[in-house]
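Okay, structure first, notes after.
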Amino acid sequence: MKKIISFGETMLRLTPPGNQRFAQATSLEIIIGGAESNVAVSLARFGMDAEWVSRLPENDMAERLLLELRKHGVGLRHVVRGGERVGIYFLENGASQRGSKVVYDRAHSSMATLQPGMIDWEAAFAGADWFHWSGITPAISQSAAEACREAIEVANRMGLTVSTDLNHRAALWKYGKQPKEVMPELTAGCDLIVGAAEDVRNYFGIVPEGDGEEAQRSMLAQLKNRFPRAKWVATTLRSNPNASQNGFSGLLWDGQQFCEAPSYPVTHIVDRVGTGDAFTAGLIFGLRSYPSDPQWALHFGVAAATLKHSIPGDMNLVSKAEVEALMAGNATGRVSR
Amino acid sequence: MKKIISFGETMLRLTPPGNQRFAQATSLEIIIGGAESNVAVSLARFGMDAEWVSRLPENDMAERLLLELRKHGVGLRHVVRGGERVGIYFLENGASQRGSKVVYDRAHSSMATLQPGMIDWEAAFAGADWFHWSGITPAISQSAAEACREAIEVANRMGLTVSTDLNHRAALWKYGKQPKEVMPELTAGCDLIVGAAEDVRNYFGIVPEGDGEEAQRSMLAQLKNRFPRAKWVATTLRSNPNASQNGFSGLLWDGQQFCEAPSYPVTHIVDRVGTGDAFTAGLIFGLRSYPSDPQWALHFGVAAATLKHSIPGDMNLVSKAEVEALMAGNATGRVSR
Amino acid sequence: MKKIISFGETMLRLTPPGNQRFAQATSLEIIIGGAESNVAVSLARFGMDAEWVSRLPENDMAERLLLELRKHGVGLRHVVRGGERVGIYFLENGASQRGSKVVYDRAHSSMATLQPGMIDWEAAFAGADWFHWSGITPAISQSAAEACREAIEVANRMGLTVSTDLNHRAALWKYGKQPKEVMPELTAGCDLIVGAAEDVRNYFGIVPEGDGEEAQRSMLAQLKNRFPRAKWVATTLRSNPNASQNGFSGLLWDGQQFCEAPSYPVTHIVDRVGTGDAFTAGLIFGLRSYPSDPQWALHFGVAAATLKHSIPGDMNLVSKAEVEALMAGNATGRVSR
Amino acid sequence: MKKIISFGETMLRLTPPGNQRFAQATSLEIIIGGAESNVAVSLARFGMDAEWVSRLPENDMAERLLLELRKHGVGLRHVVRGGERVGIYFLENGASQRGSKVVYDRAHSSMATLQPGMIDWEAAFAGADWFHWSGITPAISQSAAEACREAIEVANRMGLTVSTDLNHRAALWKYGKQPKEVMPELTAGCDLIVGAAEDVRNYFGIVPEGDGEEAQRSMLAQLKNRFPRAKWVATTLRSNPNASQNGFSGLLWDGQQFCEAPSYPVTHIVDRVGTGDAFTAGLIFGLRSYPSDPQWALHFGVAAATLKHSIPGDMNLVSKAEVEALMAGNATGRVSR
Amino acid sequence: MKKIISFGETMLRLTPPGNQRFAQATSLEIIIGGAESNVAVSLARFGMDAEWVSRLPENDMAERLLLELRKHGVGLRHVVRGGERVGIYFLENGASQRGSKVVYDRAHSSMATLQPGMIDWEAAFAGADWFHWSGITPAISQSAAEACREAIEVANRMGLTVSTDLNHRAALWKYGKQPKEVMPELTAGCDLIVGAAEDVRNYFGIVPEGDGEEAQRSMLAQLKNRFPRAKWVATTLRSNPNASQNGFSGLLWDGQQFCEAPSYPVTHIVDRVGTGDAFTAGLIFGLRSYPSDPQWALHFGVAAATLKHSIPGDMNLVSKAEVEALMAGNATGRVSR
Amino acid sequence: MKKIISFGETMLRLTPPGNQRFAQATSLEIIIGGAESNVAVSLARFGMDAEWVSRLPENDMAERLLLELRKHGVGLRHVVRGGERVGIYFLENGASQRGSKVVYDRAHSSMATLQPGMIDWEAAFAGADWFHWSGITPAISQSAAEACREAIEVANRMGLTVSTDLNHRAALWKYGKQPKEVMPELTAGCDLIVGAAEDVRNYFGIVPEGDGEEAQRSMLAQLKNRFPRAKWVATTLRSNPNASQNGFSGLLWDGQQFCEAPSYPVTHIVDRVGTGDAFTAGLIFGLRSYPSDPQWALHFGVAAATLKHSIPGDMNLVSKAEVEALMAGNATGRVSR
């Protein structure tokens, strides 16, 4: 099977141990995470040839980040070097009624100062048949948005399947443009769109009709109509009682049928960050492996994301066999000896 | 706004990591905590000018304790020095059916040997309009009880509003007097009384009529009748399935109306210690900020205490904005980016 | 009261901190655990004179293991030394839908190479009136199975009460024999049999009739019929939503009545390993203390095991008084000061 | 005694535990440090009224930094808020032949974007008689250099004693100016100049004559001649075998005599960062306390800095009494009980 | 061989990790230590039947302490229970010029309130031939001093060999008597006296003649003359450059010859506490094993104490074989595989 | 440049934190280490294309090990899978007079049961020009020795340069053969031999003449004479005061000249394990990079190994630039900012 290329910013995530607040932390755990490299790590662990493309400075923090991705088998040959700094985000883990909190320190990163032309997309895409990006990159800076457009254009021209996770981040988008001015054009080049109602409203002004799952179906149907190239549109479904427990499922529309998956009750969340990326990665894994069975792909994505809630850090360190065991109903939590 | 003075003993709390029992611990986390300084820390973080008055020895353990309170912005100018030792309490964290366990090692502390006259209450109360104490201080020793009476008398004379958290601790009260002999006189000088049914029965022999919330209303009504100076009487309401989960709410009676608050389901308790203090602090903050809106004050206290369950240690390290966000219904636990 | 002897393999359990997966661990916590020594530790902590018999090599890892058992008051005089290595098992803690996972590294251990005749059972059983073994030992190796048979024969001859926990481990039994060829003879010498439906089906081909608790009763009744020496047969009852929460109870059949116990909802599991051993130990404690009250014994076993879920490691570090407090209904999780 | 004001950038220092390299770190310890706030912390601990002036953003990382300085008693009333980020520096601890390594991530910090006029120096200096800055601030950015000049001018005008630590950092000075273009004017306003041969050569082109301590004397003499306002010029003397051991002393020239101090052999360095700041703080403490005894001041500075080598972090957490005990010859390392 | 009984107070030692000062600690490591139980642990590890006698309260902290001593094989049958609290001492680890610092919190401990008659010395000494105490016990309180005298009298009467480590602690002796009033009588009952010049001067007014080792010889000679029952008198010899490095040796006088041992250069001290106890234990081990070879005993004590400097905590966790290897010259520090 | 292949066993090294002894450890740090993979990691970090060949089981512990090597850029394509277990070694860190101690638990590992024919050496050596093995592999088992011989034969036939580190481990060699029966034949196929006097005496009966460095020269000369294929023979030179400090240098003989290097005084050893491998790797790097300058290669090896002493774990995580900086004389330990 050919390569899949993901593109985006990966950061040092620095997190106080346990449930400490920033005000009481005396140390920070180092996590390496970014929406797009999280997807690449998942795919590499599931056995696919996944490569991540980005821009990083020449310093020890960038090396630290690269070591972690290499460890999990992600290709790094087209990461370009330059710029000033690695992006950082500080995250404290919430519990019950207290949500987790992110303090971004990613401005002026090497990805934020990436310019179109810096990455040789023809070279990066050689031997690849799929390209994945997310809505975070165009939110970082004008030039990153342009580099993203460049990548999508080349991918379209070279015939790669293109996927995106819309991933709206309101705290970004500070460079003077609104998402509505940027995202429609980029999304138009995609074959798979993963997004939530909030993303779709902010980016495209799409307002779902009805309530609950009906609204989700309406949102997906409108989204697919709006972007005719998209073969599949999908979303996660979350019931959100609080920061420690969560029901997780998903929905996919391919123009023919609404694929559904079980809703898994995640009763004790270990780390919620990266669960959306785990869903997207599982979905992509399924659609690439069995393109004619989107139902299986959706279920694989939902089960993969369910397991991610139990794993510290951004990356979904599970195997294909573990995801399939959950899909087969093994959720009793017995000790596997 | 003027200062608020709290008075009481603060201890080193030494706690095994995670859910270890004492028998298996090889290290202990240092927490600084005491009912009254916990209240002062909350108020300082909410933006009030809060000062804590106590007695500590001249050693490095006392310095360690003071550093922690200074860090959170609590005034310390009237802490007197002398005596032999800092009180200690060892606490192991329970889970599910196993309750947390405290081993007190606070006898002979500098607060236990505090004598009336050691603290210059006129000086301490200068510039203050509120005085807060709790039922723990009169439980420690005869002389501490007398110093507490002295403080209340001066506060009453100087016109400060006086609040108390009744906080019955059966394991204290070893100096030969029963709570019933001491507490009624001290409580009589208070404008705000926070207490639970157990406290009120032990201290004042008050037996509520009815069951459930009706009993709580009966208890508060009798309490206010018994202490006519009290403008507000309040209690927390807890539904207590086990050591890891808990429903939390409160009730306040001002002689006119029973103010109620939502009951928040705390599904994953991080640290239960200090939640009562967080309630009292939130309530005081509300009553001082908006004396004519006890309903808001009660809700603020309940929401503050709910959040405290998610924070390690005795202190409620939340901001006013975070409490208000929960009051406004934001309990979904989404990551705040 | 006379001694109780337990016999089996105890290992180093090496566990990543918190919920880390093996792939992300940089350290491992050292736990000392084995089904039979876990029982001995429980009994020693409840005040009985408990001794553990096994075989260990002469090296620092064996010393480390022995130090831990000595610490908790278990007699070690008949542990024989020899062989190559201490058995190890690696365990990662699951959460929610992700079960805990064990990687065994116990082959070639000193217990696996134990030969009949190496342990002087007459000497070990002198002063004892009870012998406990489990189905793990015969699963390790042919020679360990033979040593186990030897022990049971001597125990029977010397008039000790013999108990077993069937403890089927499918990943063991690699030496060429099936459990069905080995276990019936060993079990026939037992006065107390603790086992689950899965054990009983694999070992003895017993298939329960009916569903739910009816099936459990059927299983116990058939088990007792099959092994007429057995005075008591018992099983745990678990409702298993996932790796973090669990309902726990048990059932005992003495040929006269089915003893039942409350089902305790363990909502936040800290460590599930050793809960079965805690049940067996509590049951043995009860049956030895009050042989005519199997109902109390069962309840004591269930309550002890319920508490074990809240304690890190394999050992049930609770006191008799704590178990009795839970039996008396104290499960509110209030801080005990 | 009046206040002393220090001014400069304080950062989060993030350090792998022990001697880990960045490449192997999975966590980072949080240290709060900056040359000028380190001086303020020392002075506050020695009992002086020390205040730190700087600029920080409005976020949780800035709060974390402020909590740490408040904890140690440093005044913070004139810290202004604004800008984007807190500066960070990553530091790994070397040993023996491997030096410690810093990766700066301080560009675009709130101090780097500080503009003249943002700080109300008249207000900050009210009640103060001493102002301390260092050569790091003018190295950060053009605007920070201008704000520094502004501060010195106001201090000179208001009659404060001004001290500087020249602190050359070659990795800074990226905004287009050379130190030689900026530092002479700023240094001219100082009454106390602390610097090393390297600083003085880079800033002022001063080349010492002779070798060893003779060269140091020559350097100080030239420095004082060049800056006639300076009443005292001083330098540390280090013999630098490697990252773990070090001889430490200092030299001071007041135009009359060369004051010398013992050379302390620091045989086991715990943390070298902040030792120069500890020297400067000790020297300032001495000169403010006993202006007519520069010999005592120098010795106090040298002894304080010697002790700093044994303390983790940037801050010199020692008392005046501990420094004086070392000055009196107590260096045997006996346990003080 | 018969039992050896040691008698004294053992405490929780609470120590910040690494070289942290109390002011920066957020956790404390739990060490169990006391001069006399340290001796018992050493002797048990060397293979002797050692028992420790003391008084402890009935709480979880006392249990924690007992678990640690039991773990290392020390007999505990005559520990009596009662009183209020376990003694605590806080210790921060120094480095280089900064000495380690102890904050005692041992007043009012169960040992401090021990009364003569509480311990049944006849029962404790049955089966024993050696009794060891130290100068710390008479320093704690009047009643502890009396209990100590009682023990020595019974030991003398029952014919046990009696040893003492003089161990002067100036911070104790607060109950109104001077060491000179108490120690001579107690020391008169001893067969082996271990002490330093400082102890001997404070207790007995003995002033050595000469310098260096000559003074040590003079001190020992006078000490033996003063206490004619003493068969052996011994002292450690330390060269004390600083808190991290140390030369260690010892000297013994039996009335016939001055036995000497090599001086071991301890270049990197891990934990200095308990090194004196390790010397005394090694010496006792040697004198009990080979009473006619005090030279070997001294060397064994010195080598054991040398190794103790490399071991965290109070206890000397080395084997006889390891001590003998050092005595045989194996100090190269090669990895033993 | 072509690939270099190293072959051997890599283990989990499990190490108590700091200087804890096994008896007191409650956790173990996971280090991945093996003489030959340590060499591969060094070479990969210096920029060479290094691949490691071995045999590992199919389990999570093997995955953990592979992740660590992949992280540092080592090729793993020819690692074969099979067998039962990953080898383990437990190591406690000594200090001063107490040497570090290893407890091996490597018997029955997948490498110990490796058979000739399992590895396709022609495939592994394709594209490679250098093969490295060590004397540990033939010590593990008869079949591993045979697989090693097989590898050397193929390497010789395919024209690769072959290097070995003799690495005598007396605790291995348990399968019935003496090193003298096995090692001569294997060593005969080598172009570079690194060994110490002890190895050479045990393997080949070579007895050096003279003392000190003269003996080392004699040893190397005899070694080269004995194995005429060897172009270079080299040894490390260590002066070994104790476990915490060490002088380090090396010596190389190419038949023409004795190349020497400076002796670096490592005053504070962080981790001594892997320093010999770091020397060998540095030497190989030098000889491959500049084959005509063995003097530079030796110095590079010595400087690399010197730095390794400062790095926790088995791997030498330094860059070529850092080694060259030390060679250029930069050993002052100044903070590099």
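A, B, C, D, E and F label the chains in the order they appear, each numbered from 1.
By our rule, contacts are C-beta pairs under 8 Å (C-beta built on N, C-alpha and C of every residue); 3 or more make two chains touch, one makes a residue touch a chain.
This is a predicted model, so every value here is computed, not measured.
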In terms of mean CA position, the chain most removed from chain F is B
Top of the farthest list for chain C, CA-centroid basis, is D
For the copies chain A and chain D, the interface residues, called same if over half of the numbers are used by both and different if under half, are same
Taking each chain's mean CA coordinate, chain C and chain E are separated, in whole Å, by 42
Whole-Å distance, C-alpha centre of chain B to that of chain F, is 62
Two or more other chains are touched by the chain A residues 23, 26, 67, 101, 268
Note: in the complex, chain E contacts chain B through residues 14, 17, 22-23, 25-30, 59-61, 63-64, 67, 84-86, 88, 90, 92, 101, 103, 105, 107-108
Listed in rising order, the residues of chain D that touch chain B in the complex are 67-68, 70-73
Chain F partner, complex, touching residues on chain D are 18-21, 23-24, 91, 94-102, 104, 169-171, 240-246, 268, 272-273
In their shared complex, chain F is touched by residues of chain E numbered 264-270, 306-307, 309-313, 317-318, 322, 326, 330-337
